[in-house]
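This structure is in structure tokens; I'll ask about it shortly.
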């Protein structure tokens, strides 16, 4: 299948126009090697490990959530050269879907909401909101940890949880939490919780379920969608950073 | 004792010139109510709880690490009005020491290094570096958790830890970790670890010991110094956000 | 009456969208204390004197033209703390209408035009234009001084006055006077006349009738409108700066 | 005398380095016609009247406080073309001294201080401070009006005046008045008083003695200095804007 | 004929709205001397030579492509004063048409396309595209040099030329050449070819036919149009910079 | 020889601190592949042709004047991928010396001055100035063309040439020519002459000797210096863009 046809399908799944302004240059083909696509690899980050694995399984295209070169650069250092070398030697093109996939129907946030088992899912400008059958905060937190197979951190005063908002990745931002507040949400599930956020939103249950575990489901689900739409071999590569807690 | 004399001592302990450029307006007296100072309260954040407690113990001045109004504003919303009301009703002036206290001799980073028990502490442009007797990574992590009385998260491939860099608060930034790398540090202790940092610094032990637990020792130590220098009653107010982990 | 209902009426009188871009943060509720509104005070500026007087008459809401905190800040100095203390102790919310009231139907400029007795008033992008029965410049100037009960300064070469433009407050700006010129205006009434304006617009009669006297009529008229619309007790507080001339 | 020699003397009197940053392009020769200088005219503004008068008296150089083209432009409209035509037809170069003359020894502010009869004049970063024999505010205001031969406006609560700060031209700015406050000044004499200044500095006597009357003495004094230093014919051209008050 | 009527016709030929944003202040009357127009001069640049020649032939208005004051200024140096003197002494108004004439129907780019003899001319966002009967690159280059009566420089690998894009003046910019590429152009004719452009666009024939020779035809053609539309005497002034090549 | 030792020598020849501010990220190692350096290639631009040639001759390091990625980017398109592939497959590191080499002793401008045979060479802030034995302009232009083995374009009124300023590459900028004027230069040799420059500097001989021919001598001379200092095999790769003139 021609790369341009694959790209057309990817743009239909997560239209680039949905991306945030700060994502200029981080969406779409970021390494364009014009090959005929037989096999696709999908992963969260284009790390050295992931590229190597993609080469081992014979992928022609690697689709990731985070782009290879986040901040524009004009120096190529050794770790980057190493990754490029693997891609070039094995003719693997790179394609990124970032904030456009966050918001897309069936994208990062949708997948996260479904993995946690939310009902009555509705769309907001920033994340997804849904409900769980009313339960104590601790029960809910345990459920999140198990559903996403991760440790979690949590804080905030809520006792009974029913309405939940989710945002995959680094979603603990004041402007997002203000939206959650407007919807009278009981719990907010995202990652990379920071001190000033904890101080400002004390009366909501804040659950930090790690960047990886909240975004990964969306990339996993993407595999199934792509296989159906493209009738190509698509393989997910898992590269967990293995954060541990004591 | 006159407020201006207290301020002179505070500026000697943490000279305002040490503060970062972005801290304009966040250092020094941020609420100036001109009272005669009999009692001082010290805490990390000027939350509603802390102000109330300061009023209860009869404090005339509250010294915090984070300022009350972080981003300049011209609207005073209800939560802020509430805090101001307590301060004004009880005549409590507010004074902040932020990045100037981070770097000051005996400041946030120094206190953190001592609390963890580092030896041979040296100053760098961004944090403090010291050594522990060589031990496995897990032993070191356990030791940090116990010393700071907090849960910790950690990641990274190091096996044997000897050289350690510490930075209180939100210190997992690429430019700080580049300094750590230059010094061949084995472990870096700070807070608010994020996914992109985990991905970029895989060959160092990164220990996230929470924002509160890494900055609080510096504020506690400040009490002792102030009591000695001012011969006034100084009381520490602890307001732990109580993050929990599952 | 609920504060939110009062605010709805105020936004109907002077829609916030009419405000200039530079007025971000200066329109609407600037101190929000959520009280049930029984009595409203109206004045030009939220000075210490005005706040005290508002407290004396038992006002729950003070509506002013100029906002309390004009430039965003993160330090609260003593004079501001004093004003805040009065507002907080007496539970007085603050609400500002600035450039949105200038332009609103029945607003600052409209009231000024009516107070001077202009006929055939028409709206321009910046001020109001109307006519007086043709008279010598000095007669017109005398009339303005008497109508607004203020001393006035004037300059410019016009001899016979018939068409007049008015702009309450600091309206001697080149871009506004260019509009006046386009309409072939004989006299321009506003405040805070400056030397470079005098030099650039010599062939129009420029009448400086002080900032206070040109804006105050609009605030006085607002009282009547509010009483009618809200059926509440509304009281005007006059705080003239008493500029004198020799 | 060569123009370059005249310029050297002018730069010695008011060094261009003293000028404020915003005066870029407004200091020094602004129309350079390279003539041999026999006669110099001095005035506050390069108006059409002043240029004509300079031509009538046969001046080769016109020195003014305000520059001809204040805001950089690339269109030359009719009034400006008219002024340029007079200068070019009569070979009159133009030279401006603005904020550099304000601050220079013997410059605008010095001349103003002497004209009002201040004693013990000292220099501050922004204006001159001196004393008068203690007298009631009204006596002082009357004295200023008479000394500068102008009407004045005044406001503020001071009763007894002894210490005075002066700043020629548009000197009612918050940052300047803060300096006055620091020096515990009773009265501040300048021009173009505005409403927000009146509101913020109520406990100082603020005297607005017009832009023209506060800057003109400095330009008049410059004539005497130039005649002495250059041994050339120097003539002052007075072009009062004739503001009147009712 | 009144100047305002001439201006109306000029705005119809090259509507000012067509100009690029960076041309603010460079379009339309740039020296406005309000004369009755009997004779018009047209030239590429308002140089001293051109102004002198315009005065000699009795022109009341000089129309040029480049404006007299390109970057806004507030100092008038000697060369500029000299040019202004000629204009003012001879009452010659100045009018500029820059990027608006580039794009106008029958403007700079259109005239260039016709002078080179392109067929099937179509408009793009940046230049004009047309065809020549297919010929070797060298034949085409020779033809351009002869048509525009200039030497040319050329580079790039194309062998057979059929589709051509032209842009008068300084048109070798990456964003313009990207458009040419999109249209699969064989040759691009413009001026001021630079090294980085040569390196980046090696597979197109790039022909540098000088700024003057590529823009001048548009100004010459403007004369004919003006004579027809205005029934006035219009004369073209040629001021070739005479670049020579060895 | 270790790459770091080669880099140390390169930094001694052209200290990075000499570079202009806009050259951030364009100086030094721009592709770092950590090899042991046996052979060095030097060229003006890292084009595909040059990289291929460098690979053919077995170079481990390619030193160029212009950097590979001029404007920071986060997308790698096909032409760039192709160049990177050659570098990575053949383990060729890239090193750039740009404005630091322009100004360095024995750098681009020095080499150009020597190639043209200037005497009494002196350094200015922007280029080199020297003298030739006085000769007619045409003789001088012929000499430049022959010395640099290129065609040249020239313009300007000078008849007799003696004092000459040179600047390799794109040096026809107003601020550089103002320096030339200050030194009373007769001729200025550089590249990429533009129309507005021609119009503004008519009384100097301006010689455009192409970007390539004015910068290339500096890169050629660098080979000799490197061979002497490093005792390594250094080879120059010539990739002339072959601009032709008719």
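Just so it is clear, A, B, C, D, E and F label the chains in written order, and each chain counts residues from 1 on its own.
Operating definition for what follows: a residue touches a chain if its C-beta (ideal position, glycine included) is under 8 Å from a C-beta of that chain, and two chains touch if they have at least 3 such contacts.
Since we're looking at a predicted model, the values are computed, not measured.
Chains that touch both chain D and chain E are absent from this assembly. Looking at chain E and chain F, no chain is in contact with each of them.
Each step here moves to a touching chain, and the least such steps from chain B to chain E number 3. Note on D-E: its contact pairs, compared by residue number with those of E-F, A-F or A-B, agree for more than half at A-F.
Using CA-based centroids throughout, the chain positioned farthest away from chain C is F.
Superposing the C-alpha atoms of chain A onto those of chain E requires a rotation of 120 degrees, given to the nearest 5. Inter-chain centre distance (chain D to chain F, centres taken as mean C-alpha positions): 53 Å. Chain D has its Cα centroid 32 Å from the Cα centroid of chain C. Under the contact definition stated at the top, the residues of chain A that touch 2 or more other chains are 70.
Those residues of chain F that touch chain E in the complex are listed here as 45, 47, 66, 70, 141-142, 145, 151-155, 169-170, 191-196, 198-199, 202, 210-212, 241-246. Here chain A touches chain F in the complex through residues 25-26, 28-34, 67-78, 81, 84-85, 88-89, going by the rule given at the top.
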